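What follows is a pair of complexes built around subunit A, which joins subunit B in one and subunit C in the other.
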Partner chain A sequence: MRLFEFKKQRTRNLFWGLFFVSPWIFHLFAFLVYPIFASLYFSFTDFNMLLYKGDWIGLGNYRELFEGDPMFFISMRNTLWYSFLALSIGVTVDIIAALLLNMKVWGLAAYRTILFLPAMVPGVAAAMTWVWILNPKHGLLNAMLASIGIDGPYWLASPRTAMISIVMVTTWASGQMILIYLAGLQDIPTHLYEAAEIDGANAWHRMRYVTLPLLTPQVLFNLVMGSIGTLQEFARPYVMTGGGPANSTYTYGMYIFHRAFQAMRMGLASSAAWMLFVVVLILTIIILRSSRRWVVYER
Partner chain B sequence: MDSRKLTRRDLLKLGGALTAGAVLAACAQPAPAPQPTQAPAAKAEPTKAPAAPAPAAKQKVELWTGFGQGRMADAMNGAVKRFNDKSDKFVVEHIVVPWGEIMNKVIQSTAAKNPPDVYRGWAWIVGDHAPIGGLTDLTPFANADASFKPDDYWPATLEQMKYQGKIYAISISTMIWFLYYNKDRMKEKGVDTEKTPTDLEGWEEVGHKLYELDGKKVNKVGFVPWIPWYNLFGWGATRGAEVWDPNTQKCIANDAKNKPIFVALFNWHKGYATKYGYEELQAFITTYSGNTFGRNTPEGAWYTGKLGIWALETWLYNDFKEYGPKVSFGVTKMPSPKGVKGKPGGLTANMYLVPANSKNPAGGYAFGHFMGSDPWVAVNKCVPDAVLPSRRSTATQPEVLSGLPWAKMVIDEIVPYVMPLPSMPAVSGYQGRLNTAVTNVLTQNADPAKELDQAVELAQKDVDKLLKKS
Partner chain C sequence: MTDTMISRGPVRSRRSRILSQVGAHAVLVLMSIIFMLPFLWMISSSLKPNAEIFRQPPTLFPEEWRPYNYVEAIKSINFFGYLINTIRYSFFATLGAVLSNSFISYGFARVRWPGREILFYITIATMMLPGIVTAIPMFVFFNRIGWVPSIKPLVVPAYFGGAFYIFMLRQFMLTLPQELDDAARIDGCSELGIFSRIVVPLIKPPIIAITLFTLLGTWNDFVGPLIYLRDPRHYTLSVGLQLYFTQHGAEWSYLMAAGTLFTLPMIILFFFAQRIFIEGITLTGIKG
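Right, the complex of A and B next:
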C-alpha cells in the first residue's frame, strides 16, 4: 500500500515537473527542433518563401552551391579568413589583456571594468559607432593619427583593410573571452610558481612553462566557441560595410541571408546553412582532437 | 487544518488551469473573417463591377508605404483621405513601414498569409515576384474596370506593369534619369554653363575639371559613373545596348551585338578607377554616401559642392528646394558617346502591388488604380515627389506641367526613347550579377569579357529556374 502511494506521488511529481517545464519544452520543439529539421528538409527542395511551399529536388541546391555561384566561394573564403584573423589575433590580445588585468596594481577594478565594457555594448550600436570612428576622411582614429603625423589608412573603405578593421572591432568587444582567461589565470595554484622559482625559473620561464600550459583549457574553450561564432559572423560586416568594398567583407552569413530573403530561395539558403554546419562540425572535431596534444589539465 | 483554506498547490493548479485556458484560447481558430472579394472572371463585361454587391459597411484595405515623414508623407496621407472620401466601398488604412524593411515584411507576411492588401513598391518587384506567385494577377480587375485605360499609360511604363502579358502592378509614377550638374562648381572652374556639352565625352571633360585632389586623396568629385550606384542597364542603354530578349527569354548582354558595348562600358568604369584610384574614390563614397549622399540634409555632398556631376532619377529634383535652395544646378538627359545613337538611359516606375494571399485584392486594386489615375494625386503627390505621372492624361495637366518644369522635355525627348527596365524574371539578380562583374573588373583587374560572360550565364540560370516554375 505504501509502495503504491509512493509511486502515485512520484507520478504526480513527474506530471507537475513536466507541467512547469512545459513552456521550455514547447520553446525547444517550436523554435529549435522543428526549424532544424525543417531547414534540413528545405535544403532538398526549391522552397518558395512567398508561397511557403517547394518541390523536392534532391541534391540540386548543394550542387548549385558548388557549381554555380561564385559568391558562395567568395563568402566562404572571406569567412574562413575572418575566422582565422579574429581567432589568432583575439587569442593573443585577450591573453595579454588578461595577464595585465591579473597584475596587482592600483585601480585594477577600474581597468577590468573598462576592458569588459565593450562586451556589454549592443553589437549593432557598437558597429555603427565604429563606422564613424573609422571613417577615412572625418573619422576620429585617422584624425588622431594625423595629429601625430601619420596618414591613416582607408579602413572600411578599402578592400585591403576592410576585413582587418572588422577584426579589430571584434577583438575590441571580446571582454568575455578576457574574463575567461582571467578566471583561468586566477585558478593556477601559486605553489607551482613557488616551486618554479625555487628551481630557478625566471619570469619568462614561469610564463612559458607554468602559466601558458595551464591556460590551455581556457584557450581550447575560447577557440571552439570563437570558431563557431566567427564562422557565423553576420551583423558586424552587414552593418559596417554591407559586405563591401568589392565583396571583401561579404561573409557566409550574409550569403545565406541574401539567398533566403532577397533572392527568396530558402531551399538554397538552407543548404548553405547546412554546409556551414558541416564546416563548423569538422573544425570543432579537428580542434578537439588536436587538443589532446596541446591542452594541459592540472592533475 | 481549515479545509476551505486555499493551499499553495491549489493556487498553482488554478494558475496552471488559467494559463492552459489562455493558451487554448490563443490557439483556437479565429472567427471566420469576411470572405475576400473574389476576383472577377477574366474578360468580364467591362461595365460590371468586379466584386459582389457592396456591403453596407466599407471594406478595410490595408496599405503599406514608407512615406512616414516630410512632404511625401503629407501627400500620401492626403491621397488616402481623398480615396476614403470618394470610395463608397473601401476604406484604406495606411501603415507606415520603413522603406528599408518593407520588402522583407511583405515577404514574411505573404508567407504567413497575412500580407497587406496593397503596398507601394517598384517595377523590379514585378519581375522578381510575379514568376514565383508572389503577386495577385490584376488583369481581371483591370479588364472589368472601364476606367482602366492601358493606352493612356506610357508604353514603357505599361510594359513594366505586366509580366508575360498579365497586369501585376498599377503604376503611379515613372522615373527617368537625369544628369545633374552643379553650375556653381562649373563657374568656379571657368566652364560655360550656358553652352553645355551634348555628348558623354564633353561631360566627362567637364567632370575631370571639377575634381579637387589633395595628393591622391579625392576631396571633391567631378563625375564617377558609379556614384551614386552602378546603373549598368541605363549607361548601357546610352550606348545602344539591350539586355533582355522577351521573345527568346534570354539575357543578351553578351550576345554578338551587345558584348562589345558592355565590355566598353566596363572599361569606361575602369578608366575612372585607374585615373583617380578605386580606393581613393571608395574613401570618398564611404564618407559621403549615407542616405544617397545626404539628399535629405543641407550638409549632403551634392548641396555642398563635393559632387559636381552625377546621374540620378528625377526625384532628387525637389530635394533641392528643401535642402539646397542656394545651389545653382541644371539637368540634362543621360548623354551618349560621340557618334553613338543610344537611348537617354533607362526607365523605371513606382508601383502599387497587391501581394498574393491579400484578403482584399479588389480593394488593393481599387486603391492602386486611384493612385495611378486620379488627377489630384498627380498634382499633389507626383509633383511634390518630382516624378512624372504614369498616365499621359494626368501628366499633361497644366498644374503638373507647371509643377514639374522639366516634364515637357521628359515627355517629348526622353520617355518615348528610353529603355524600360525589362519585365523579366530575377531582374534585380541580373543587375546584381553585372554589378559584381564590373566590381571585379575595377578591383581585381579581371577580364571584362570573361566577367560579363560569367555574369550573364549565372543570370540566365536564375531566369531559367524561375521560368520552369511559372
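Right, the complex of A and C next:
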C-alpha cells in the first residue's frame, strides 16, 4: 500500500516537473537541437536563399573556405588577434580596477558606478561616439595628445592601429567583469591575510600569494566566456570600421554575416559557423585543461 | 567579508596607509575621467553648432549652446517610429522572459523528478554554444514561415525560456525553504497553486533582475534587429541610428544628439536600479 502511494507520488512529480519545464524542452528542440542539425546539413549543401535551392555538395563548402577564399583566413587571423588583445588587456585593466576599488577607498560606490556605466551604453551609440573621439583630424583624443605635443596616430583610419582602437572600446565597456572581480576579492577570507602577515608577508607577497591566486576562478570564468564572446565579435567593427581599413578589422563574425545575410549563401555560411565552433571548442578545452595547473580553488 | 588587503594589519603604519589611499584615489580619478570622457564628449558635441564642432583645438564645453540639434536629430531620422519599435521589442521580450523563466525554473527547483539534474546540466552547457551556429537555420526557418521582416523572431523565443535566467532563478528558488511547499501540499494546494500563490511572491528580486537585464539587452541589441528587421518600418533605434551613421557620417552634432537620447533611458534605469544590476552581475561570476 505504501509502495503504491510512493509510486503514485513519483509519477505525479514526473508529470508536474515535465509540465513546468515543457516550454524549455520545446525551446531546446526548436531553437537548439533542430538548428544544430539543420546547420550541419546546410554546411554540406550549396543552399542559397536567394535562389531558394541547394544540392548536396559534400565537403565542397569546407574546401571553398580553405582553398578558395582568402577572406576566411584573413578574418580568422584578425579575430584571433582581436580575441587575444581584448582578453589580455581586459583582464589586466579590470583586475587593476577591482583591486583599487577593493582598497576601502572613500567614495567606492561612485567610482564603481562610473567604471560600470559604459557597459550600459547601447553598442551603436558607443561605437559612433568613439569613431568621433578617434577622428584623426577633429577628434578629441588627438587634440588632447596634440596639446601635450604628441602627434596622434590615425586610429581607426590606419590598418596598424584600427584593431587596437576597437579593443580600447571593448575594454572601456567591460564594466561587468570589474564587478565580478570585485565580488571575488571581497570573498577572500580575512584570516588568510592575517596568517600571511604573521608569516611576515609584505604587501607584495600578500598580493602575489593570496590575492591573485584566489582570484583565478574569476579569471577562468572571464577567459572562457570572453573567448566565446570575442570570437563572435561583430557589431563593434561593423559599425566603427565596416571591416577596414584594408580588411584589418574584418572579423570572422562579419565574414559569416556577409556570406549568410547579404550573399544569402546559407550553406557556405553554415560551414563557416561550424569552423568557428571548432575553434571555440579547441580554445575552451585548452583553457579548461590548463586551468588545472593555474586555478586555485581552496579557500 | 568585505575586508581588504591594504587596510589591515598591526604592522602597517598610519602613514603608509594614507599614502596608499592617496595613490589609489589618484589612479581611480584618472580612470574615472577616462571612462566618463566619452559621455561628456557625446553630450557636449550634441549641443554644439556645426561651425564649432570641427574647431581645433576642440572646446569641451560648447561656447554657443544649440539644443535645437535635438529637434533636428529627431526630425532627420524617424526617431519616434524607431523608438516605438524599440519599446515594443523590449516590452514583449521582457514580458516573455519573466513569465517563461519563472515557470520553467519552478520545475527545476521545486519539483523532484528523475532526469531533472541531467536536463539542468544540458541547460548550462547550451550557454557554451556560439549563437552564430544556430542563427542561420533559424533565419531560414523564420523566413519560410513569413516572420521576416518583423520582431516576432526576436520576441517569440523569449517566451520559451533562456539558459542563464533559468540558472539564476533556480539558484534563488533553491534557497526558499521546502516546508513552504510541503505545508501547502498538505492543505491540498495544487502545484500550480503553490507556484502562483507561494513561490511567485517570493521571487521578486530575481524577477526584477531578469526584467532589467532583458530591458538592457533588447534596448541595446543590434545584431538581432539587423538580421530580422529588414525594412525601415520595423527598425529599432540601434539599426536606424547605424544606418543614418553610415549615410551621414559627418553630421556629428545630430548623431551625438540622437546617441544621447538613445543612451539616456539606460543610464536612468541604471541609476534607479544600480544595486540590482550589481548583484545580478556578481551572481554571474559564481559559476566560474
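Just so it is clear, the second predicted complex is superposed on the first by the 267 of 299 C-alpha atoms of A that agree within 3 Å, B and C clash if a C-alpha of one lies under 4 Å from a C-alpha of the other, contacts with A are read in each partner's own complex, and residues count from 1 in each chain.
One rule holds for everything that comes next: contacts are C-beta pairs under 8 Å (C-beta built on N, C-alpha and C of every residue); 3 or more make two chains touch, one makes a residue touch a chain.
Bear in mind that the values here come from a model prediction, so they are computed numbers and not experimental data.
Engineer: I'd like to know which partner A:Q186 touches here: subunit B for first, subunit C for second, both or neither.
Structural biologist: second
Engineer: Per the contact definition in the header, classify A:F84: touching subunit B only (first), subunit C only (second), both, or neither.
Structural biologist: After superposing on A, A:F84 lies clear of both subunit B and subunit C.
Engineer: Is A:F261 contacted by the first partner subunit B, the second partner subunit C, both or neither?
Structural biologist: both
Engineer: Just to be sure I read the superposition right, which of the two partners does A:H138 touch: subunit B = first, subunit C = second, or both, or neither?
Structural biologist: both
Engineer: Under the stated touch criterion, which partner chain does A:A146 make contact with: subunit B (first), subunit C (second), both, or neither?
Structural biologist: So A:A146 only meets subunit C here.
Engineer: Under the stated touch criterion, which partner chain does A:F19 make contact with: subunit B (first), subunit C (second), both, or neither?
Structural biologist: A:F19 contacts both subunit B and subunit C.
Engineer: In the superposed arrangement, which partner chain does A:M49 touch: subunit B (first), subunit C (second), both, or neither?
Structural biologist: In the superposition, A:M49 contacts both subunit B and subunit C.
Engineer: Who does A:F6 touch here: subunit B (first), subunit C (second), both, or neither?
Structural biologist: After superposing on A, A:F6 lies clear of both subunit B and subunit C.
Engineer: Where does A:W294 make contact in the superposed view: on subunit B (first), on subunit C (second), on both, or on neither?
Structural biologist: After superposition on chain A, A:W294 lies in contact with neither partner.
Engineer: Who contacts more of subunit A, subunit B or subunit C?
Structural biologist: C
Engineer: Could you tell me which stretches of subunit A are touched by subunit B in one complex and by subunit C in the other?
Structural biologist: 16, 19, 49, 138, 261
Engineer: Which of the residues in subunit A come into contact with subunit B in the complex?
Structural biologist: Going by the criterion above, the answer is residues 16, 19, 46, 48-52, 68-71, 135-138, 154, 156-160, 245-247, 261-264.
Engineer: Inside the complex, what are the residues of subunit C that reach subunit A?
Structural biologist: Its residues touching subunit A are 1-9, 11, 20-21, 24-25, 27-28, 31-32, 34-39, 41-42, 45, 53-54, 56-58, 100, 103-104, 106-108, 111-116, 119, 122-123, 126, 128-141, 143, 157, 159-161, 166, 191, 195, 216, 219-220, 222-223, 226-227, 237-238, 241-242, 245-246, 249, 252, 255-256, 259-260, 262-263, 266-267, 269-270, 274, 277-278, 281-282, 284-285, 287-288.
Engineer: If you look only at subunit B, which of its residues touch subunit A in the complex?
Structural biologist: 12, 16, 104, 107, 110-113, 128-129, 132-134, 217, 278-279, 282-287, 355-356, 426, 428-429, 436, 439-440, 442-444, 454, 458, 461-462, 465, 469
Engineer: Which part of subunit A faces subunit C closely enough to touch in the complex?
Structural biologist: 10, 13-14, 16-21, 23-28, 30-32, 34-36, 38-39, 42, 47, 49, 96-97, 100-106, 111-118, 120-126, 128-133, 138, 140, 143, 146-147, 172, 176, 179-187, 190, 193-194, 197, 203, 206-207, 210-211, 217-218, 220-222, 224, 228, 231-232, 234-235, 239, 242, 253, 256, 260-261, 266, 269-270, 273-274, 276-277, 280, 284
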